[in-house]
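First chain written, first letter: the chains are A, B, C, D, E, F, G and H, and each begins at residue 1.
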Amino acid sequence: MQLTVYLAGQIHDDWRQNLKDKALEKNLPVTFVGPMENHDRSDNIGEEILGKQPDNIIRDEAASQMNNLRTRVLMNQSDIVIALFGEKYKQWNSAMDAGAALATDKPLILVRPASLHHPLKELSEKAQVTVETADQALEALAYIFDEK
Amino acid sequence: MQLTVYLAGQIHDDWRQNLKDKALEKNLPVTFVGPMENHDRSDNIGEEILGKQPDNIIRDEAASQMNNLRTRVLMNQSDIVIALFGEKYKQWNSAMDAGAALATDKPLILVRPASLHHPLKELSEKAQVTVETADQALEALAYIFDEK
Amino acid sequence: MQLTVYLAGQIHDDWRQNLKDKALEKNLPVTFVGPMENHDRSDNIGEEILGKQPDNIIRDEAASQMNNLRTRVLMNQSDIVIALFGEKYKQWNSAMDAGAALATDKPLILVRPASLHHPLKELSEKAQVTVETADQALEALAYIFDEK
Amino acid sequence: MQLTVYLAGQIHDDWRQNLKDKALEKNLPVTFVGPMENHDRSDNIGEEILGKQPDNIIRDEAASQMNNLRTRVLMNQSDIVIALFGEKYKQWNSAMDAGAALATDKPLILVRPASLHHPLKELSEKAQVTVETADQALEALAYIFDEK
Amino acid sequence: MQLTVYLAGQIHDDWRQNLKDKALEKNLPVTFVGPMENHDRSDNIGEEILGKQPDNIIRDEAASQMNNLRTRVLMNQSDIVIALFGEKYKQWNSAMDAGAALATDKPLILVRPASLHHPLKELSEKAQVTVETADQALEALAYIFDEK
Amino acid sequence: MQLTVYLAGQIHDDWRQNLKDKALEKNLPVTFVGPMENHDRSDNIGEEILGKQPDNIIRDEAASQMNNLRTRVLMNQSDIVIALFGEKYKQWNSAMDAGAALATDKPLILVRPASLHHPLKELSEKAQVTVETADQALEALAYIFDEK
Amino acid sequence: MQLTVYLAGQIHDDWRQNLKDKALEKNLPVTFVGPMENHDRSDNIGEEILGKQPDNIIRDEAASQMNNLRTRVLMNQSDIVIALFGEKYKQWNSAMDAGAALATDKPLILVRPASLHHPLKELSEKAQVTVETADQALEALAYIFDEK
Amino acid sequence: MQLTVYLAGQIHDDWRQNLKDKALEKNLPVTFVGPMENHDRSDNIGEEILGKQPDNIIRDEAASQMNNLRTRVLMNQSDIVIALFGEKYKQWNSAMDAGAALATDKPLILVRPASLHHPLKELSEKAQVTVETADQALEALAYIFDEK
């Protein structure tokens, strides 16, 4: 049994790589997928494919199409979604992805610092599991495969 | 034909009442539903029903259960979701509700000021309609019923 | 907006009637449905319709068909399921109905005494709302319709 | 054709291992999955991952989240559910899992001693197959692959 | 609560009218729908609408389109399907409608004489209720609404 | 039983009004809905709601959002879709709406002149009913309600 | 791309083996599954697993459970259903399986002699493809993989 | 992760082969499927399998059955649909396939020359991505797999 896990959330630090490294150490049969982590490319992907756009609004729209294509295809392939929220960003995309995971009955693991407990209480109540660190999310994943 | 519309988004001003008043003026066959707008009651509803809770974490969890019950039932009854985002709040609940609407194929009308264009570009790309004011959202609703 | 609520759980006391009376007092736009509460008739309904059966096993099977027909039809019509567990009975039917409600994304309100907290912890974690008394369940229902 | 079978039910004896051994003998192309059978770890998994919790209620809640994550992911991967009921435990989780299997149209094989016929008659009527021993459940599984 | 019931099965005697009369006597809140019972019109409906067809094969195909339109629309509106089988006809349409009801999770009440027990045993095992007469089917329907 | 029928297809003549008039004559319990038939308003609706747009491309995009909102909401409310194709227009919207009706299991009645038989043969094979005139489509609708 | 095809229909001659042999000759990437073709074992499988049953009715019921388990599991795994009807048997099971395939949107290939055209006209109209021989069904299957 | 992509649209030039060649160059883990590109065979496939038909109408109907079988099976297997529209053909099949992709929530990439912007604006608004050339569609596909 091989599971696919979508890693939603901020793309500004290396939490995804840490998670992947630890999953490798533990030999978990898990494939991780997620959004484009190169922020500049993610903002520029519309023009990269379609050429120079007339203004920033249309440039953004073109980029959104490509990013949403990626997210939809990879989310469709996933068995579990992990969404990480931090204090710094608005992360509306992460909340939207979390909402989509919930609505399509994909188990959601919410990762957020204790300080964000209150504003995320409804999302947390809907998530299957809520933890405070990405390492704890990995342990929850590992538990699925444990026999003892 | 009577439609039900869920009004997701901030509960700190009277945009919902304005929308309802204008729909009434236009005689639209629409029933509006939405979250509890009394913010204190929304935060306190867990203890109101279950009695004093041991600490704030559990108090919040109890409140979330009641608020999510309300949202799920009313969203299930709705044909369209309008989600309004403003500059002031994080509004993760609104984004989660929007994600749920998208994932269950309920048409979503996104209302947000032009200034939020960039951070909401992916959500906007997925929404059926994006407008800048609640009044424009109402006109989009009205268009569904127009014959000429 | 008129909601239909299925009342799953033990049929040996008058908790359903109490709930209905209080909903009437509060003028809630709710229709309550549930299993046959006449226990003897519920056990005998197979023979009542099909005539005398060869033995008790077949008599039970015939009764189950009729009771399950009733449950399925009424659950299909419901927007919310309330399941009440008490200390006295095994209530496998209630747990099965709760599982069906969860799996078909109907919001579940679990009612159980604090003493049953541990054996029902997984069911509670999956329910939308967990309360200790039927009266609290009614207050949670009422909250859906409150505007202030 | 490789099938995945979820083994719901009591975790207090070795019925799962027996089933797996016999499937191996028969060379059935079946992967078996199921709940954590180490009862202490299952009760403690919340604290194992999240650290010491304030009280037993919250400890249980944390454990339930992890156990339900496991069940949901593994049930989603399964083609068939076998649920075994015995005389000794309340097994509300098993009944809930059985209800979920039924509601999501996964064929359910119910295993229960003849003595539990009456209280399980509605669940039995809904199950695809009802047998009295785990060995009989295995023979039913094997029949799916037989050509003659 | 008003239920709609589709009456599948032979159109060569007046069992549907009997059922409707008795439901009226009992004051059941049930609307009955079903196939065109005028056999000649059912065979001729293609030419009635489209005009004379080149040969019998095409005439039959045109009629089938109209009859299947009717069945699909009315089945979609139904909460329960009753399928009656008799000794005289092949009734492949009835079995196909029964299969569709089962696959779309509409509760099926199978009516067949005891003499057809063996050839219909698989269909019977899948039906929610199996009875021998249309009157018994009506009693099963009535039980859904009984309170005592 | 009241049915809702979506009328997809060209908006350049009065076929919809004819259909409605004849349904009224026959007293059919049918509500007809469809796209905005005022072609200029349909092309201009984006600017009507959002104000002057920078160029024609964006003007078209804004209009499409509003027209698609209307189509999705009204299609979701419909029990049957009638799609009329003529010789004059490309009607990609009609074919897209027909494809959506087919994929969501809404019975489709295709109306097209005999001259379009060949290019529409695949769509016709998927439709529930294919006729040559809107009047014939109405007769097919009427047949659903006939008792004799 | 490997497809799984369920072969529904009579089990009294060797049409399935012929089909499999020819698919092998053509090197089609297809796995065929189907009901138990050993008629005696199919009738006896209930007693084979559960032991001697009290009477023939219960014996049949036990056998039906096992046969339906097999059918459901294998149909769930299938991408296409081929159903063959002949003149000799009532084949209600085949019609029920065909109805289930149609209702779950699995493409159905109907095989029947021209002589059965009239009684099967509604089933034929719903099938994706209707042919007269199993060899023609195989050619239709093969066409899916052809590139030229 | 291996994705399957259905290539809908005109079969009169070699755009599919170009796409496949470039995907191979880029080493993308993608399997492409699509309609029969041999136009004569596609029109003749009904008679090829069923033998000479009485007239052209029936010949077309027989061919449509086979072509639609192919499309349905291959679309069911696909994760993404690319639909290419050109100026020369009516392409109702492509629009129908696009509508089916949209309605079943398969991400759609629309390829069309800028000159077709206006008549395809509603389809474009519903597509996940709209581009002008097949090469751009391939770049959008490639972006799904990029890590940087």
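The rule is simple: contacts are C-beta pairs under 8 Å (C-beta built on N, C-alpha and C of every residue); 3 or more make two chains touch, one makes a residue touch a chain.
Chain by chain, the UniProt names read as follows: A, B, C, D, E, F, G, H = YtoQ family protein.
Everything numeric here is computed off the predicted structure, so don't read it as measured data.
Visitor: Using the touch definition from the top, list the chains contacting both chain C (YtoQ family protein) and chain H (YtoQ family protein).
Guide: Touching chain C (YtoQ family protein) and chain H (YtoQ family protein) alike, sorted by label: E, G.
Visitor: Between the options E-H, C-D or A-H, which interface matches A-D on more than half of its contact pairs by residue number?
Guide: A-H
Visitor: Taking each chain's centre as the mean of its CA atoms, how far is chain A (YtoQ family protein) from chain G (YtoQ family protein) in angstrom?
Guide: 43
Visitor: What is the distance, in whole Å, between the centres of chain B (YtoQ family protein) and chain D (YtoQ family protein), each centre taken as the mean of its C-alpha atoms?
Guide: Here the centre of chain D (YtoQ family protein) sits 40 Å away from the centre of chain B (YtoQ family protein).
Visitor: Based only on mean CA positions, could you tell me how far chain D (YtoQ family protein) sits from chain F (YtoQ family protein) in angstrom?
Guide: One centre to the other, that is 49 Å.
Visitor: Can you compute the centre-to-centre distance for chain A (YtoQ family protein) and chain C (YtoQ family protein), using the mean CA position of each chain? Integer Å is fine.
Guide: It comes to 38 Å between the two C-alpha centres.
Visitor: Multi-chain contacts only, two chains or more: what residues does chain B (YtoQ family protein) have there?
Guide: Correct list: 65, 68.
Visitor: Residue numbers of chain H (YtoQ family protein) touching chain G (YtoQ family protein) in their complex, please.
Guide: Chain H (YtoQ family protein) residues touching chain G (YtoQ family protein): 4, 31, 33, 36-38, 41, 45, 48-50, 65-66, 68-70, 72-74, 76-77.
Visitor: Taking the complex as given, what residues does chain C (YtoQ family protein) use to touch chain D (YtoQ family protein)?
Guide: Residue list for chain C (YtoQ family protein) touching chain D (YtoQ family protein): 57, 60-61, 63-65, 67-68, 71, 85, 90-93, 95-100, 102-104, 117-126.
Visitor: Quick one: in the complex, what on chain H (YtoQ family protein) touches chain E (YtoQ family protein)?
Guide: 54-55, 58
Visitor: Going by the contact rule set out above, which residues of chain E (YtoQ family protein) touch chain C (YtoQ family protein) in the complex?
Guide: Checking each residue of chain E (YtoQ family protein) against chain C (YtoQ family protein) gives 1, 3, 79-80, 107, 109, 128-132, 136, 139-140, 143-144, 146-148.
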